[in-house]
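Chain nomenclature is as follows: A, B, C, D and E, assigned in order of appearance, with residue numbering initiated at 1 for each chain independently.
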Amino acid sequence: MLIVQDLHVYYGGLHALKGVNLHVSKGEIVAIIGRNGAGKTTLLNALSGLVKAQRGTITFRGIPIQGKKPHKIVRLGLCQVPEGRRIFAPLTVSENLELGAYLKRTPQEKAKSKEDLDYVLQLFPLLKKRLHLRAGILSGGEQQMLAIGRALVGNTKLLALDEPSLGLAPMVVKEIFNVISRLRDDGGTILLVEQNAREALSVSDRAYVLEAGRVAIKGPSSRLLEEEKVKTAYLGKKRR
Amino acid sequence: MNQNLAQFIFSGTTTGAIYALIALGFCIVENSMKIVNFAQGDFLTLGGMFMFSMLYALHLSILPAIVLSVLAVALIGAAMERFALRLAKSKETVVLVFITIGASIFIRGGIKLIWGKSPKSLPYFSGAHPIDLLGARILPQSLWVIGGTIAVFLALHHFFHHTKQGKAMKAVAYDPKAAALMGINVEAMMMLSLALAGGVGAVAGILIIPITTMTFDMGVMLGLKGFAAAVLGGYGDVMGAVIGGLLLGLLESLGAGLISSTYKDVIAFVVLLLVLFLRPRGILGKEEWERV
Amino acid sequence: MELLAVKEIVKHFNGVKALKGISFSLKEGEILGIIGPNGAGKTTLINIISGIYKPTSGEVFYRGERVTGYPPHAMAKMGIARTFQHIQIFPEITVLENVMAGYHTRSSSGIVSCLLHLPSVMKEERAAAAKAVDLLDLMGLKAKANWPAFALPYGEQKKVVIARALAGDPKVLMLDEPAGGLNEAETEEMGDLLERLRGLGITLILIEHDISLVMDVCHRILVLHHGYKIALGTPQQVQQDPQVIDAYLGGA
Amino acid sequence: MSPLARDRLLLLTMGAMIFSIPLVMRNPYYLNVLNIVALNVLVVAGLTLLIGYAGQISLGHGGFYAMGAYISALLAIHLGWNPWITTGIAMALTGMIALIIGIPTLRLRGHYLVMATLGFNLIVYILLIQLDDITGGPSGLSRIPYYTIGTWGFTTDLRCYWLVWFFALLGLFLAFNLVHSRMGRALMAIRESEVAASCLGIETWRCKTEVFIVSALMASLAGSLYAHYMSFISPKTFDIFYSIEVVAMVIVGGIGSLWGALLGSAFLTPLPYLLHFFEEYKDLIYGAIFMGVLIFLPQGLAGGLVKLYQKRRLMSQLKKVQE
Amino acid sequence: MKKLMVVLLFIGLVIQPALAKEKVAAKKEPIKVGAFFALSGPAAFIGTPTKLVAQMAADEINRQGGINGRPIELVFGDTEGDPTKAVAIAKKFIYVDKVVAIIGPTRTGTGMAVKKIVEQAHVPTIMTVGGDPVIMGGRFGSYRYIFKTPQRSSTAVKKIFIYLKKKGIKTVAILTSSDGFGKDGKRWLLKLTPQYGIKVVAQESFSPSDTDMTSQLASIRTKNPQAIICWTIGPAGSIVAKNVKQLGINVPLIQCHGLPDPKYVELAGEAANGSIMPSTKLMAWQQLPDKDPQKPVIARFVHLYKDVYHYDKEFPINTHSGYAWDALMILTRAMRKSGPDRERLRDAIEKTKGYVGISGVYTMSPKDHNGLGVDSMIMVRVENGHWVMESY
């Protein structure tokens, strides 16, 4: 579904990505883990067209998308939930969801939009009660749900999540990862960028480890969980 | 009670409606880019000048002349986004704001070259016969101005509160990155907002050229007054723009009529400052918490 | 002796109740963890202690003195420092200058002496720089003292702001999610750093989601939920509290 | 070398260059333009502290410039006091007014602050015009006495060149002192986040007000120098367009850099004279150049140079660490 | 100062050979005259046509053989209406272009700003500004080298009052703009009323950029004046005319000598009809009696302006059109007698006697650096969009 080949990005005067190769197939959850500054967010931003790739190709559903404008990429179905949630605080929850379905214009799409909304509200029942509240007053966990929900009401074919567990309480983190696995069960395709390597590896099928702008290790998540190098660098010694 | 009170109020309302119309233009750009567009006043001048040319150079009738003038200025607004603001390497507010000041100088230079330095005027749309109303004499043109302001206000209110595009525009202002990830074409949205601001500015220019006459640098002072009106009402709020505009207009005419015509501007600005000291975000503005 | 105490703190925002009567006290040298779901009111609580918000009702005491509603700079001067969830580093200036900015409360030159750069200012500048270098040494960042702050990785920026907060020699340091956004290895380093701070005898209030970190470092833990205090006790007590498990930790 | 020592050395070099100009060029016209540059440097340096460091924009400093000019000129004309003394009195009064204006105004942010400062300048301007019994109104004040030392008067463009550049460089010197000190860091902290700054123990309103007063004092001094140099003042010089122009110099020069004050003034002040050649196209070209600089040099003229320097330094340090 | 002298001496020695060479070619060497006006900024609609007329006058002089064989060369400058820029340009004229004399600027404020500089440099300057302080002494400084061609405000005020007296009008309301021009007018209006037995019953003012003056006029209306005198230049005057009509005020509207301009009629439309104002004879020259010595001079000027230079299209002839012409002509006349020596030129200008110009017959004296009296003006009235001579 998504193929990235030899991707180079210079960002803020730094060579942030130095030849990244990866792919995501339909129905898969692929995790990308790595330290801060390893280039994870830059990679997602390059996929979404928010930063320009200097070299390399990105192919999504068979269409080359490097150099395309962000809204065109979203139109194709590659939808990102950015780090830090970034919901539209002054708008209401339902207006946020409405904007999530911004690209649905044809009558058929609009008809499906109702269906998608129901799906999202069923996924996050909490949001249902808050539809007419200003999104800014939601708690962090609710905002994260809204952010994911907002991405799901679009024509999403591939959902890219950037640090969905960042700054959330353990229980909410659990809930978010439950939703992620449920999305996979419902046939969704997810690219998951996470600091929380342990959770990310346990929910995903395959994973890539980014180090200083390069893919250092890759493979099935279950194998990476056991890999010594990953353990010491990303999982840390188990406390408690 | 002053026998001229009704006259002062109607005069103030007309002037205030002009300020409100300009303030609405400021509002639109605030609601997509979060910047002050200091070329707004020049959009007004452009509107008046185009109208003049459409009527006298192209000999169009009034309706097509209005439509074409509004479109022309909207196009210039869009061009300003495309060829100046969008190219800016820094997206810092103060830099963008000063680019609009540069654009304002540029546009004025252009107007001077094309339409010359001497003032222009047009006849009233519906005659010069004043209407007697509650002891005040008002021109039909004032009703055009007030009506135009109400129409633009209603249209913008509907746009920002009840259409997807309008909400998308506000989303762009709040967080352009997140908006882009919703599939909103951020750049097109910003261009649209400047085009709209241009159009609204043109409407203002067209409506007032019969009243005030038009010179190439007319927009500077009117733009400032419009900006003051927008701030007074609560910057970015369409309702606030109208309230601020009317208040400023009334302050000026009542100040001139009842207190002193010499110091009417001082009175208006002192009141403006006092309002800001009491309500730092204007009349309708809400205090925002800085999130930490 | 009680260093810091809050009594029955209530805070409303436009009718929304963020805190509903929170009380706790803190002994010198103690490390208190504050945990709870997002929106439970943790940050609001320390915003009230640091004077950013005024409580709707309730009192804050510092060394037995009532300090409710004091402005933030007054609290900082008395020795209550803090860091922020969104780190608020000063990106354009150097790491050293960032930390020196934290020395503000310990220096006193007014604007006139600064304009003239009087000898007293030079003396203070040297003292501030020396202090900052010491703290950067403690953080293991001495080598990067002259880097512009934006060039540091996130984990190190978090350490810089802790150093900045320490530069004023605070009695109480409140850390808002010091490990937020760090991966597990970086979190471990942060844990080591907190241990070192504990060794220095600094009184700490720690808001954190990383449970293992909190459990490791803190003497006591306060658990908030929907603005209520649902537990306050040692890590062991809290971990086994059914209410806490239910509301926050989730079934194991 | 500490940043302060580095800036001082550069300032010394600049000063030497500036003061050697009259050795080769003494045409009163060019000196006159350079003198105006110097006066603008003084105003812009103060504004850089306020805008670039403390992050508080003001489009009203033309008002303080006016106060410096009018208070000093009026006292010197009507009471016959020595211009040096009246300059001091003007600064003191302007400082007081800045304090009174600053306290309520600096609570405002963004567009609201812009409007409030603009409003202040508009009020001052209208008063200058309307109170013509005192100010001379639009026809201005003539016969303002020159500065003198003993019997030696600053009567020519050349003599005033030494005077105004002395004060411009002194202003820069003091400003550099300020930014490389406790106060300077406090101001930068305020620019980044007022809440974070106050939690470091910085009394934000006080720092903002103090730097507002300092910038007003520098504008006031420049105004007095203008009045006693030109010997004539009228309100037009002190309108909001002047305020906008000096802020433009701050930005074109480079917002966060005091060197930008020098470069911005030196670039924008003579530009209209240079463009005179284009006659009717002048405004068009001026607007285009102005936009062009802002669009393509986002850090301003000085910012570009500083960034380049910083980047080189960063790179060399990165290399050191990697070794 | 000594050092400066040494340097100047040195420069003098170096340049002298070059100067000597120039003297050989002096015969064809043009005489430079600085000409600066507000070519941009709010007063550009006055400044630009002034510049055009100045160029026309210079061409005309050169066609007639220049000044004793030497052509006149105008060096232009744009003051932007800004005193600081005006000062810089004046210095450029004096120290870089080394002009013999200067004409301009446009606005009173800029005129006042350069006053001291031209006085100190002893450069004869004929200004085209409206305000009187440029040729007033006392607190306004000295005016040895400064002359101006437009009528004094006081002259226009007197002309109006003479007219009003003749019409038996005893009470007036005055409405003035808050710029230098308006304030100058107000000062004279208030000062001269007692002499003519006229009472001012209301005083109001407006800013030149205002869009509506009905509040002020409504207040005036309640005071029942027999006439309204408005003092402003530019488009604001036509807004006043419109507002007067709108409010249905039926007393005569007297505008000042700044407004006789076809633009006024164009902008005010119907509302302009009935406005009365003092003007130079240029506005109704065809209606002048044939014995008026200015008539043929004006005819020639109008011919050049309209038919030869075609300035009429953008800037229709108005009451100001002749000022730059007169300034340059007075200068040339004097220079033909005195040669390009600044001191002697100044004296010669001051001795101008009976020069028949576009704007009047000029007779200057050490006390009077304008040289025009009330007889240089006529009162005109707008009638169906045309300018009709109301009184001579």
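Here is the rule we go by: a residue touches a chain if its C-beta (ideal position, glycine included) is under 8 Å from a C-beta of that chain, and two chains touch if they have at least 3 such contacts.
None of these values were measured; they are calculated from a predicted model.
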item: Path length in steps (a step moves to a chain that is touched) from subunit D to subunit E; value: 1
item: Chain whose Cα centroid lies at the greatest distance from that of subunit A; value: E
item: Separation of subunit A from subunit D, taking each centre as the mean of its C-alpha atoms, in whole Å; value: 49
item: Interchain centroid distance [CA atoms averaged], subunit B/subunit E, Å; value: 36
item: Inter-chain centre distance, subunit A versus subunit B - centres from mean C-alpha coordinates, in Å; value: 42
item: Sites on subunit C at which at least two other chains make contact; value: 52, 84-85, 88
item: Residue list for subunit B, restricted to those that touch at least two other chains; value: 112, 262, 265, 292
item: For subunit D, residues contacting two or more additional chains; value: 126, 130, 193, 195-196, 280, 282-283
item: Residues of subunit D touching subunit C in the complex; value: 4, 174-175, 177-178, 180-186, 188-189, 192-193, 195-196, 198-204, 207, 210-211, 214, 256, 310, 313-314, 317, 321
item: Interface residues, subunit D side, partner subunit E - complex; value: 26-30, 32-33, 36, 126, 129-130, 132, 136-140, 142-143, 156-158, 230-237, 272-273, 276, 279-280, 282-283
item: Residue ranges of subunit A touching subunit B (in the complex, touch as defined); value: 48-50, 69-71, 74-75, 79-82, 86-91, 95, 98-100, 102-103, 150-151, 154
item: Residues of subunit D that touch subunit B when the two form their complex; value: 51, 57, 104-105, 107-112, 114-116, 118-120, 122-123, 126-127, 130, 193-196, 240, 244, 247-248, 251, 255, 280-288, 290-291, 294-299
item: Interfacial residue positions of subunit B with respect to subunit E in the complex; value: 3-4, 7-8, 11-12, 14-15, 18, 112, 116-121, 123, 128, 130, 137-139, 208, 211-213, 215-218, 221-222, 252-254, 256-257, 261-262, 264-265
